[in-house]
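Structure in structure tokens, see below.
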Amino acid sequence: MNGSISASRRAVLSAGAAGALSALIARAAEAAAPAAADAKLYPTAAFGAKTEVAALKLLFGKAPKASSKIDLGVPEIAENGAVVPVTMASGLPNVTAMALLSLENPYTLACAYRLAPGTLAHMSSRLKLAKTTKVVAVVESNGALYRTSRMVKVTLGGCG
Amino acid sequence: MRRWLLLLLALAAPVAAAAAPNPAADRAAFQGWFRHLFPQLPLAKYVDGPYNFSASERAQWQQIMELPPYGFAVDHGKALFDARFPDGAGYASCFPHGGIGIAQDYPQFDPKTGRVVTLPIAINRCRVAHGLPKLKLTTGDLADIDAYMVRTSRGHKIDVVVPDTKPALAAYEAGKEYFYSRRGQLNFSCASCHLQYPGHRVRGDTLAPALGITASFPIYRSKWGNMGTLVRRFIGCNKNIRSAPDKPDSLAYRDLEYFLTAMSNGLPIAGPGARP
Amino acid sequence: MANPILVRAQTAHGVTTVACLVKHPMDSGFVKKAGKLIPPHYIEVIEFTHNGKTVLTGFWGPAVSRNPFFSFAFKGGKKGDTVGIAWVDNKGERAAVSAKIA
Amino acid sequence: MRGAAVVLLALGIGFAHAAPAPDLAAAKVAVAAADAAAGRARAAGDQWMPTLAALKAAHVALARGDAAAAVTAATHARHLALLSLRQAAEQKRLWRNEVPRQ
């Protein structure tokens, strides 16, 4: 895990970006403030990215490989684009970070998570999807990035 | 001559049926219609509305129900319900059983005013009786109090009584006429969607069956992002068919809710609900 | 109570599952009301702790739904342990709650 | 019914265009007639939203002194109101046809 963080740090420094997730969380752990959220940790640049490549570069400083070991649970057709339940889980070892991206949203990155050791690579959240889109799940395991994606159809409701 | 007599009888029969409202017979026919449409679906399941017709939508709903989005409304509603009025009384003093577990008995016909009283209207009446202003009938605090009172009634079987009196039956019949009358520029009745085509889609949305449709209200609707009462949905439905909505406390909506809920007698209260 | 958080934390077979519902508008900045854009207002950082130690840090963008639901799981945790949740949004507003594991 | 609507609309539009530019007095008469028809539709419990939209447009045009636009919108509103009145009258008889029987 330490290796992954320092690798990320180097990548970030070389990329000249301000907000690498791994590096930032390392600081959070050092600060160890219980039950408080630190706004300074927010990877603002990554959340402003408009493509998957740019968002992942800013967030992790590296590019992902395709993996079949990520379970991305999304509905085929969303009931309501404003509340789309998304679950992701992974059997990959030593998962340190996870992220969800929606390629057709104005900003690509939807959410990202940094996991402490012992936290399971398994989570469920709800996203807004502007239109029919590929949703991408990214997992950082043993310092490497993996991704998988699935389409979600977003229909216009008829019953205003 | 005999042929004429038969014809007269045939013409007279529907008129006679129309003359005497019979909620029990209506309910049997209404529920029978849905049994005919969906022979496999148990009666109590109708309260799940559109989620009976799509496994994927049902799965999304069940995920959302893990920690339902109306949770805040129920908590807030309980706080409001438990708070004292300036005169020291509270909502509990206005209702039988202290207002707990009674949603299945609403709407009721009030013989004094000759009007149907829905649960949200009863909540407002309680406020007025204790010198407080009425709350908005569609959303906000009143929907939250409604949500809490309905939550305490979950599982109770809907038991709307239509007294065998002329004014009560007239209100019931007016609600029935409203439900089946086509209106609005699109020429739809409530029945066009929710009786004739439940389970079918209107663009992205699945139509809920009219049977059991009232059991989940008030609802947290994702589209609204907050709670709404049944009347709020009536207003939305009317706008959908390009029909100018009635006022939230109008007799039209009260009577409609009276008829519609009476058709679901015997089904369990499932509210508050979550819908897309 | 302005910005409540509902939490459910349960432990079974050595794994604690935390589910929470956070009351927040999560305005994306892309939605118009009465012809005007509603300015963005969303949670940026949400921190989950177990007995004071961070188990998960979440970073949310405007694409996370209104009144967000989130659940995850971590190893360990006993009945009666404390789970803490704290968030801060892009306007600097914050809220925190703690709950016992059931 | 739809045929009738088309004919009525055609007549209304034809009138608005054929007549020499209507004056404000004529526009006031047209708007008053539309108001009356819409009032009857409301009383019948079957007001259409497009009727209200056209009626509003007529009032707005009248207020800014655009007699031609006021007459056009008012005529449209009145015809929509008349159609909704006809629908309401028909439904007084026809609604029972939709009631399920045993």
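When the chains are written out, they are named A, B, C and D in that same order, and each has its own residue count from 1.
One rule holds for everything that comes next: contacts are C-beta pairs under 8 Å (C-beta built on N, C-alpha and C of every residue); 3 or more make two chains touch, one makes a residue touch a chain.
Remember, it's a predicted structure, so these values are computed and weren't measured experimentally.
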Shortest path length from subunit A to subunit D (each step joins two touching chains): 2
Higher-contact pair (C-beta pairs counted), B-D versus A-C: A-C
Computed distance of Cα centres, subunit D from subunit C, in Å: 53
Chain centre separation in whole Å, for subunit D relative to subunit B (CA means): 32
Euclidean distance of C-alpha centroids - subunit A vs subunit C, Å: 16
Computed distance of Cα centres, subunit B from subunit A, in Å: 43
Residues of subunit B touching at least two other chains: 64, 66, 225, 239
Residues of subunit C engaged with two or more neighbouring chains: 19, 66, 69, 71
Per-residue multi-chain contacts in subunit D, two or more chains: none
Chains that touch, pairwise: A-B, A-C, B-C, B-D
Residues of subunit B that touch subunit A when the two form their complex: 56-57, 59-61, 63-64, 66, 201-205, 207, 222-223, 225, 236-237, 239-240, 276
In the complex with subunit C, residue positions of subunit A that touch it: 21, 25, 28-29, 32, 34-39, 41-43, 47, 82-84, 102, 105-107, 109-116, 118-120, 122-130
Complex contact set, residues of subunit B against subunit D: 14, 18, 25-26, 28-30, 32-33, 176-178, 180-185, 187, 189, 191-192, 195-196, 239, 242-244, 246, 252
Subunit B-facing residues of subunit A, complex: 75-80, 82-85, 87, 124, 126, 155-160
In the complex with subunit C, residue positions of subunit B that touch it: 64, 66-69, 71-72, 75, 225
